[in-house]
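Below you'll find a set of structures to go through.
You will see two complexes here that share chain A, one where it goes with chain B and one where it goes with chain C.
Up next, the complex of A and B:
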């Protein structure tokens, strides 16, 4: 009996630090996010007289909000329309997600497959490709700001070398690469691609290397070419890793913040606004804490939903025998 | 396999397709091009950190600097406050690593080494943290911190950082701890060790490789983190490198050299560590992703 009590107390003490951190900083705040999202919080304190309900969600999703305005002696709750462009932000992050899945991941897969063939200098290539992943996004953002600089940036210098000054000159009058409404979203995507190809490549490479050599050998014996081996043997074998990569690319794009904040802060004219930058501007520029929480809640729900949808999509096509459990 | 490419299986003859030389050369070209694309911006950053504006602005855009202008680094150090930001980053990162290591080791011990009913449930509970984005808690933590007047302090970053590193740390710990044979615990018990002694004398010393992996992973997460640092810290005294660089870049809009120097200073520790531990760093990322 004493033994059991001793054991239970020990378990409790061993779990205590982790639980305090985990519940205090992750679980409790998430619940509070949900709670705050139901209030029209315009200061950090709930004063008990605030509107309670789905007002924030209505304003965010339908674009119809209310704002208290003083007209003479009266304070009126006047409707506002389209003051927060959530759909534009969501659309931008979905565009980034699509670009990641359809440009970044195939590139990463191609590199991983080429490296996986046991080419000379494999490790050196691998180490170089992975290097940008480790560099702080702020550093990368500042570096690319310099690259995009309309006057002295390296991008325009390279374009001039290639004899394509026109391309540089067409964006120049409209605020340069990052200041142009049309080019800005691409300028935000390219550094992301540059940085994270190495990450996805590394995951896929690890998968490619874990495909048993006998399997390749057998396929080759049956007369498969290299490309066929990759397509029919290697890619189906690393499906699990591809699923992880797709989930990371999509949820990562939905959550993207650092790079956009450094490069454009969501501008010009919301051309690169994403939900996270919108959330931060709710806190700092508008003091709308309830609305900030609402965006956070929707973001989490979207991430979970996409992760589930992607997993389901991968499961359906799993016709290669037994299911793998990770 | 090299050399012999035909196999005889009774009547049939099979030909093993060999990779075409031409295709192989194409592969190489592709790989090298991407390597150059990866390295060039980094090379450019190093070079413009040592140039004056004249060279950056056209005289010598891409080449090595003509005269190596180390004064840019001095400027980043003095007017840019880089030593302060650097120290702040180290204080925050190291403390966060220590806290999450200790908490993760203890929790993992309780979950994997002590037999009790809900241990699996507890493990799944902690694993929830891997999928939770930090965005989820920025607003409530900001509100709590500002009510407690704790914004602009080291703890306002250390506590969230260690909490958000915790799940991954427990995940990695579990993998390593499961590899330690349970017989050791039995032997320790027979020798009269209690649970605490077994933990302190047997398990922790055997967990050194796990500690390295977790530290690397946590270091990279915390060292580069921007959102929390940006929201919770506005006082210069507590700014970490990512926020500090943002401030510095706003200050030096005309002179490029000092900004380049600051970028290099912030990147240097990571790349330096990478040169020596590239394999274990890569492995820590694979471990984090495959199970996450």
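Up next, the complex of A and C:
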């Protein structure tokens, strides 16, 4: 009994430094952000005169008032959000998350399955696909800015090579690829998705390589094609990795910031705004520290909620999967 | 009103002084122009840290390097460690440093509301005592934008205005040998340029402050400097139909195809490069660009600078300019050597101003000294414009506090992108800016 207590105390002391680091670096700032989010804090420090309450949350989620707007045949009193449209920013992030899950991850999985078969030059392809992950996001941003440049960009040049005469005037939207409200969002998402295909591919590749060769061989002996082996054997075996990839892709999309900031800073006219760019704008451009903290808190809650939902979704599939075989 | 006129006259006098100094050699060499350089800054060896935005690619870099070199020679007991950061990221860094109480001893800042936030947070050292030794060299009117509750908190460096730069080669192709002086002629010139296939204006929509250089000039020359100044300083509401009409005038220029349609997605560096490469006939931006234009031997002979023409002569007149002293050095209240740092900052500021003026980075906030005959012709033209100035309206995003400035920039971007018209602009701003 005494030994057990002694052992527990020892474990506690060994864990204490890591615990202190965890609390100090992660938990405490989150709690402080939650605290600051309750104040209408417009100067660097709290001075005791700020309004206290849920005002920031109300302004962010419900707007600053209502305005009669025509929706089809109806005239509705809809909320107006002034210069802080959080829903628009969140919508953009969710669109990016959807594209990430339904475009980026299948592409990464396809590449991982292909390379996992041990094709010639496997290592070289692996390095090439992973390279964008290693390059600084700022460099990638600058690179893509040059690609989209309306005057000398490679994109217009390629379109002209493909037969689109005077692409800058005939194909490129008014204002340029990054300057047009409709095209900017897609132009920002393409490099964002492209950059992390290699990251997810590497995760999945490690999973594919860890699948026992005996399982593949057994399936082959039963007459399964390569596609059937991948679908019925390999993918179910790497489901845990797929779950991790989906969580990373969705939470990463919600937190996406750097590339969007370098390419458009959330513009034009907030067309590419995401919660993180809005948060930076509040904190460091508009000095609305309370509102910035509110967005930070909501981002944390959203990421946490999505991680739980995704984990639950994968668990459910596991249950039905087992039931099917009973 | 009377005070403003006095201030404007003093500013103009300072500019005349700077002009008068052009081409003269007072014989004081590279040293400072007064005896204050001999001021004892400290009796012991100290180290001061400084942050600024004079990065390698910044046109002010050379003036900082030269000034610091001189300071090190004159004050060997003071070690200055300085770091330069990119403009946009510096705004974030300096605010974070203020919040964490980790300001360096000396730091670069923009005057008015930007520095005002730090002063309000009680993070900036008052420079009133140190200023007494420099009164004769630095006119008090130049400290106006960094004075809060009657106390001085900043050392101004150079001052700049918005200039209308023109590529005269392109104007000649359209049949103009000079920049048109009246608005009617100016619009006719733009039409003539368009007919020749030349884009009249380049403006970087992806950096909204560049759009304000155009829009504020159009508003000022439509409604007058006093009306615009009152709005910027919160003494009048944005709900002013004349401002709305001026915004419509600007938007008509956009809709008439006077601006590069791709400008919305471009950065200022890209637009400036296009202007220097001969893509646009006009480029309206800060007069700090004179340095870069003067450094390009091929482009410099082609470029001229002028004031934007008057649109409504009943309200506005020539000599009403956008700009003023904004680039400033300040001292942290938390500095262990704040008193010595304050004196050092005045000495350093004077030298940065001197070399900045010689390089063409702006007009001197300090009385010029030494041989200034090497100042480029473009900067001398700017001096003449300022010498004839009637009043100055500081850049809107500097005059307003951070929150209001960004709401304002948001609406300006929407005007440039034709998302809203003049009525939407004034309605939105009067609703969102309390």
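The working rule: the second predicted complex is superposed on the first by the 266 of 326 C-alpha atoms of A that agree within 3 Å, B and C clash if a C-alpha of one lies under 4 Å from a C-alpha of the other, contacts with A are read in each partner's own complex, and residues count from 1 in each chain.
Here is the rule we use: a residue touches a chain if its C-beta (ideal position, glycine included) is under 8 Å from a C-beta of that chain, and two chains touch if they have at least 3 such contacts.
Note that the structure is predicted; figures quoted are calculated from it, not measured.
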When chain B and chain C are modelled together on chain A, clash or fit: clash
Touching partner for A:148 - first (chain B), second (chain C), both, neither: second
Which of chain B and chain C A:51 touches, first, second, both or neither: neither
Partner chain in contact with A:257 - chain B first, chain C second, else both or neither: first
Which superposed partner A:265 touches (first chain B, second chain C, both, neither): second
Partner chain in contact with A:103 - chain B first, chain C second, else both or neither: neither
Touched partner set for A:286, first chain B, second chain C, both or neither: second
Residue contacts on chain A - larger count, chain B or chain C: B
Partner chain in contact with A:235 - chain B first, chain C second, else both or neither: neither
Stretch in clash, chain C with chain B, out of 93-101, 129-137 or 291-299: 93-101
Where chain A meets both chain C and chain B, residue numbers: 44-45, 151, 280, 284
Touch list for chain A against partner chain C, complex: 42-45, 82-83, 148-151, 168, 174-181, 184, 264-265, 267-269, 280-281, 284-288
Residues of chain C that touch chain A when the two form their complex: 91-92, 95-96, 98-99, 117-118, 120-121, 123, 205-206, 261-266, 270, 274, 279, 401-403, 406-407, 410, 413-414, 417, 419, 431-432
Residues of chain A that touch chain B when the two form their complex: 6-8, 10-11, 13-19, 21-22, 24-26, 28-30, 32-33, 36, 44-45, 107, 110-111, 114-115, 117, 119, 125-139, 142-147, 151-152, 154, 157, 194, 197-199, 202-203, 206, 217, 220-226, 241, 244, 248, 251, 255, 257-258, 261-262, 276, 279-280, 283-284, 289, 292-293, 296-297, 299-300, 303-304, 307, 326
Complex contact set, residues of chain B against chain A: 1, 7, 14-17, 19-20, 23-24, 27-28, 30-31, 34-35, 37-39, 41-42, 44-45, 48, 56-58, 61-62, 99-100, 102-104, 106-107, 109-111, 114, 116, 122, 125-126, 128-129, 131-133, 135-144, 146-147, 159-160, 162-164, 166-167, 170, 194-196, 199, 220, 223-224, 226-227, 230-231, 241-243, 245-246, 249, 256, 259-260, 263, 266-267, 270-271, 274, 278, 281-282, 285-286, 289-292
